[in-house]
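Some structures are shown below for you to check.
Common to both upcoming complexes is subunit A, partnered first by subunit B, then by subunit C.
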Partner chain A sequence: MRMDTVIMGGGLSGLTCGIALAKRGQRVTIVASGLSTLQFNCGSMELLGCIDGKAVTSPLEAIATLPQGHPYSKIGTDRIATLAEQAKSLLDDAGVIMEGNAAANHWRITPMGIAKPAWLTLFGHLHIDDLNQLPARRVALMCVRGFFDQPNGMLANGLKELGFEVEKIEFTTDDITALRRSPSEMRASSLSKHLVSNHALLRVADQINSLTGDAELVLMPSVLADEEAVRTLQSMVNKPLRMIATLPPSVPGARIQTLLRHYFRMLGGNYLMGDSAVSGTFDGDLLTAITTAKLGDMPLKADNFVLATGSFISRGLIADYERVYEPVLGLDVDADAEREQWTRFGVLEQQAYMGYGVATDNNLRCLKQGKTISNLHAIGSVLSGHDAIKMGDGTGVSLLTALAAAQDILGNK
Partner chain B sequence: MVTEDIYNKEYDVIIVGGGVTGAGTARDCALRGLSVLLVERNDYSTGATGRNHGLMHSGARYAVTDGESARECISENMILRRIARHCVEETDGLFITLPEDDLAYQRTFVEACQSAGIRADIIDPEEARRIEPAVNPDLIGAVRIPDASIDPFRLTIANLLDARMHGAEALNHHEVEGLILNQGRVEGVKLFNKLKGEHVEVRGRVVVNAAGIWGQRIAEMAGCKISMFPARGALLIFGHRVNQMVINRCRKPANADILVPDDTVCVIGTTSDRIPIETVDDMRVTREEVDILLKEGIKLAPSLATTRVIRAYAGVRPLVASDDDPSGRSISRGIVCLDHAKRDGVEGFITITGGKMMTYRLMGEIATNAVCAKLGNTAACVTAAQPLPGSEEGAPSQSDLTKRYSFGQRAAIGRHGSLAARIEKDNDIDNALVCECEGVTVGEIKYAVQQLHVHNLVNLRRRTRVGMGTCQGKLCSCRAASLMGEMSHDVKRAQQDLASFLDERWKGMRPVAWGDTLREAQLTAAIYEGLCGLDMAVNTQGKEDQQ
Partner chain C sequence: MAERMQLCNISVNNFEQCTKCSICTTVCPVAAVTTDYPGPKQAGPDGERYRLKDPAYYDKMLKLCLNCKRCEVACPSDVHIADIIQRARMSASEGKRASLRDTMLANTDLLGTMANLVAPVANATLGLKPTKLVMDSIMAIDKHRTFPAYSRQKFTTWFKRNAAKEQDAYAHHVSYFHGCYVNYNFPKLGQDLVKLMNAIGYGVHLLDKEQCCGVALIANGLYKQARRQGQTNITSIRKSVNDDHRQVITTSSSCTFNLRDEYPAMLDIDNKDVRDGISLATRFIYNLVDDGKVKLVFKQDYKRRLAYHTACHMQRMGWQLFSIELLRMIPGLDLVELEQNCCGISGTYGFKKENYERSQAIGSILFKDIADAQVEAVTTDCETCKWQIEMSTGLPVENPISVLADALDVEATRQANNIN
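Showing the complex of A and B:
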């Protein structure tokens, strides 16, 4: 069957683009490998967090100062505010309820207790608008006994440095203790599967209520699978209760991924799970079809294609012994030729390879051997010119380039 | 004993250097009843001891060129199989001849092995392909010899543990800044405690310089001149264990001609370059070294071409100019023990150097003999007969392990031998895995922190292998840092330590940062910087101590 658009990659950008197109009546197929950096999500989206090591307070203003090669500059900085609004309401429609706005960053609290700038934060997760006006003074930090993927000591110390009075409280319930039988089971994802029923949540609430004394705010690791579980537990606990992201696997990230996927399917989208694009057929300046690992000699044909295969982590980009390349379609990439240039000596320095990605024109259309492929857009982390780590722009670039590409595709029709 | 009490004692012997030679010497001295202090400027096994193949040479490699070294090797090889069996994996090895090599060399090689007392059996290439499927199938000849794989970190710690059980003291992160000299005698060492930033002096009747390549500097502090010839070798670690036997090239020793299976990985090496003594602290591996190692490694085992390289590192062997040759051109490859009283008129000072990791025990014996001669001690050396802690009679066999213990406990017994019995495992938390790749439990980390001189994550990695598996410490380093922070009640330091640890891991990954290794690096950055904000929490200037 011929599709209107085929999207390679089913992470945050691929799903967002797919939803935007399906909402406008397009027939869309997403080819999704199953790998997504939402696995490391912090429960927040970042539009622009840092420039030159300094925290950004007003992302919309700061975006206007970005260099030309940055995806936001390509989209056009005048469109950013509108696209950001659209992204928030798209997430809302999918059931991903987030708080925040693009005019002013708020602060999310990391698993190590560091305050980092964020644009949107998932419902039920701790975020602070103004670090000089903390929402509470006495905080009870709930630590699940034997759960090592929340570094409790560092988290408590970070919260203290922000000005909270923190008491660490270890707790467990029968459901949680049962997980201990296997030494590697105590992960956030397995906790989330066991803390679903009202009964299991009530036992957690009982512990919290009996142990937290005069605390004004209760914090716990983000190990609840969905919004319903968060609301239920909040209603059972007699104090304000907020979640803090854990080390991977990220339960809030999995929640975002699941909700977007369900919404895309509800809109009639076709999500090919566990498959990935392996090659494409070109005709002049058009991509006419792609083949996938599982469909073999049955190519997927479409009017438009979107490359949303991610960065090195997701294998959207590959570095081998000699060069950096885009493995599916052999597209042009922006990357240094010499291996020595890819990295820097110190692990926490800004690494050049983070900014590598496929080259595009200002409409995010890909280039192959210097020629624009007019029906192929690239979106998200596979794009060059941004740095999710040092600039805190990863999720924002994914969401906004996805919407910008969708508009371009719809406008082309 | 608390550190202050250690400073205030006077010792029979102070040993400078916490590599395997220093540790072996400390053990021998302690077993002969001497009071011993060992000092190390970084962590144990930081120098050449922790920067080689992990190969337990049969001696075959030296048989043609250096018969004496070959005989020392095979004799020590057989001793280590008895006294350090918890550090040794008996893999055996092959010396293969490739079409580009001269098959006639095989005959010379086998004869030289036999005259050195090394078992060397010529086998059919077909047989070689059968017993070692990873070997280059184009080989035209193969010889089977008793090489093995050895864990130098474990071996060093086992020697130190035994020394401590016999009354010795050891201090890591203590750098020798000078020697206490009095009328031509060395009477102790001036130390800098790098953990606390304190300067102290400790007195000893004899000082043994076992500082490897850094020994030239220590000797200079006593006004003695030793001409070292630093020989640098770079190596690569591959992400899984491609070969089950050691694979060598049957030709004159050359670059990158040994591939050793170590635990869950394998190691190719080494290059060999003379470097100026001033550069011995710069362990960065160059692109040229990586290129040579890959090119030659693939000839031993072609599947290395498609195996992930997880790390590159380099070490410096302390070769010494022979004292008989004033030109300094003739270099001794054997053990060199210098009594500076006879050589330079400086009493109370001995240097033990040259040699190989394989002969560390013999070096310890020779150095201890020299110390005992000075102190009038007549006790006999027992280190060749007495097993190291962890390898005593009655330690559990491999089949016992599979039947009776969990994965974490089995891995710990593999690492610590019978000492694993001291690891807490009575409750579910102590049995919980911190490092899934290497099977390190909470209990093992507690044991290492309390008993094995662990002050930071790099120390912990050397004692337990935490973070050494294919993920190179992606999640386990945070879990371990968090645990150590809670044990030491100094969370801030644990966070800084975590950053230093990631930096140390990165130093080895950077020269081979392509493919999945670059991918892992981006993943680590996404977790520790993106998700956690570690870069915003710490001072990013890496500590010099954490090289």
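Showing the complex of A and C:
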């Protein structure tokens, strides 16, 4: 089967690249082994959050100071602002409505109540422009009775440390109580499926309106399925209402993935979920075809290929007892040879392995045994030289490298 | 040493690979509509830990699992969650007899053989209100369901009388695993396949001995019978693929999935040597076209707007691409690919009275998508999805092979492939 471009990996970077290419009329197939780490995304995108442990306020300026091996430096820091704009409008076109801009970070609130720098945050979710000017003082934190995915105590303490006066308010409705029959699945995704109808939302709104007294801002876990439900509930509640991300699997993260996948399909793209690339055929400096687990003896041929298989958690990179490697195509990786260097003892310390990934040239094209594969780009978390946890650059790298690779493929860099 | 340790780390059904991320639960169509079902993570890998300790931890609510495999498709760690659940159901049912209702629903071929003999009577009777009420109250088969109509003539009878003789004249050959639905309910699909294959120069043949693939037997706990029938089928398929060098093609995604994947996973039937020789017809034809071996010519005046629904087992096989890309070759066809959601019927599951409401609730997202798509018909590779979608949306549902056969300019195609 022949495509213009075949993308290995169906997460944020793979979908973004696929959409950018399909929009320009390319025939694109995405091979996605299961749902991606977008399911763990809190509903925010970050461009660059921290350098050397310090929060970044102006990501565009800070990006100019990054070392050469960072994916942003490879793309060219002069292109970042434009690509960031394009990424935001691509999300917008897919129905992922986000607030924020690349010139100045805002603060998102994690499920544990910690403020972290972010570039974009989903509509309806709490974000704060300036921690010295909180949007409200007295906050009602709505806690769903029996709910697993929100550590209320930690969240309330975190919010208090930011300067809010927090009152935890437990509530439930008939719809929510009915869910508790299943002892193991009182989870955000289950709630999102049962709080859909206007009646169900109205019962939640009634609880909020009767319990929140003199609060100036109401916060509730992000368990509403879509933007429409958020708007509906906001209109029913007589105070400002904002969502706060829950522990994963996250409803807003899953929503972003669904919207992007839907948009990609609408543009004529093929999305093969539950399949994975297993090997490739090379001809000189070209990758000519890949085989997948499910398509078997039918290789996917294409003019261009994109590797968007993610990092260790997504099995885009594998570490065994001896080495770190890229399992599909055996590409060159940037990683320390000695196993002792991979990790440090403290789990929260900066870990070297977080920066490992496939080696690329300055156009994000992969290397195999030192030679550039001219029609194979790598994008997103599989790339080396960045650290989603310590630098807060994971989603930004995914979005921007995806667009940069798409432009390179379309030949209008 | 290190390498050997890593090899030891591989577990049955990738059970140990579960990272407890819960993604499977977010996509489970059953957990989405009922709180009675604990969800795939709890029912699968989590529950398995307890069951390994003591089988008494088995939760009877596992019977609510549709075996749609959507959890497996979504799992980022390749854990065979549904297989773990099915295997648990299997161990729990050992030594127990299936109910009369389940036995009847599961034996699609026995029921078919009896009904064919008296098709007009059977169809009329099964459609009557009193019959439905009796079935509802005594058999617990939901009264809302209409049994798919039985054909007066079996596909195999039609084939032997009308088509078998000409088949040897073709240069290339395949065997056709028609399945129960084509044989007893809807021979037209089999006839469409013969028409299509003949037009591209392939003779179609029946297997020496074909029995029901057993997908419904497995779902209803009749494992021994399923294994017996499976062995008969694999013996016939083996002869076709290995001795006669004829690939075996099918027109049902569930039969295909069962023959290829469930036989080894659920029934311990070794099919390694012939698994690659079993293919869905759309995949087989797509590959021929893609390799430039055959050409398809379509009618100039053909014009339709259809929605393609990916059946659960089709998605698990990962083959929807072949049906979709083949359909996209028809110039006059405007094809809408629906979001992949379960229709809720899951073979015999939705026929059972206790499952009816749940079945319809599960399918409601798909039915809404179909209504929004504004199409004249739906196309899908699964016959039970067809019944469910037809009953629930009122739109006709066709197999992609029938759509292709309908759009095909037979004469022009024969000429393009140099067939007299």
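What to note about this one:
As a convention for this text, the second predicted complex is superposed on the first by the 409 of 413 C-alpha atoms of A that agree within 3 Å, B and C clash if a C-alpha of one lies under 4 Å from a C-alpha of the other, contacts with A are read in each partner's own complex, and residues count from 1 in each chain.
Here, a residue touches a chain if its C-beta (ideal position, glycine included) is under 8 Å from a C-beta of that chain, and two chains touch if they have at least 3 such contacts.
All of these numbers come straight from a predicted model, not from anything done at the bench.
After overlaying the two complexes on the shared chain, residue contacts for A:D303 are found with neither subunit B nor subunit C. In the superposed model, A:Y353 makes contact with subunit B only, not with subunit C. With both structures placed on the common chain, the touch criterion links A:D320 to subunit B and to subunit C. In the overlay built on the shared chain, the residue A:P248 is in contact with subunit B and with subunit C.
Once the two complexes are laid over each other on the shared chain, residue contacts for A:D226 go to neither subunit B nor subunit C. Touch criterion met: A:G274 reaches subunit C, while subunit B stays clear of it. Once chain A of one complex is fitted onto chain A of the other, the partner contacts of A:D206 are absent, as it touches neither subunit B nor subunit C. After overlaying the two complexes on the shared chain, residue contacts for A:E99 are found with neither subunit B nor subunit C.
Subunit A uses residues 37, 40, 180-181, 183-184, 248, 313, 315, 320-321 to touch subunit B in one structure and subunit C in the other. Subunit C makes touch with subunit A in their complex at residues 2-3, 5-6, 21-23, 25-27, 31-33, 35-39, 41-42, 46, 72-78, 276, 283, 286-287, 290, 315-322, 324-325, 337, 339-340. Across the interface of their complex, subunit B is touched by residues 37, 40-42, 110-112, 114-116, 145-146, 148-149, 151-154, 156-158, 177, 180-181, 183-184, 186, 245, 247-248, 250, 311-313, 315, 318-321, 339-340, 342-343, 345-349, 351, 353-354, 388-390, 392, 394 of subunit A. The part of subunit B that touches subunit A in the complex is made up of residues 287, 294, 406-408, 428-429, 431-434, 436, 441, 475, 478-479, 481-483, 485-486, 491-492, 494-495, 499, 502-503, 505-507, 510, 513-515, 518-519, 521-527, 529-538, 540, 542. Across the complex, subunit C is touched by residues 1-2, 29, 33-37, 39-40, 178-185, 187, 189-190, 193, 248-249, 254, 262, 265, 270, 272-276, 292-298, 313-315, 320-322 of subunit A.
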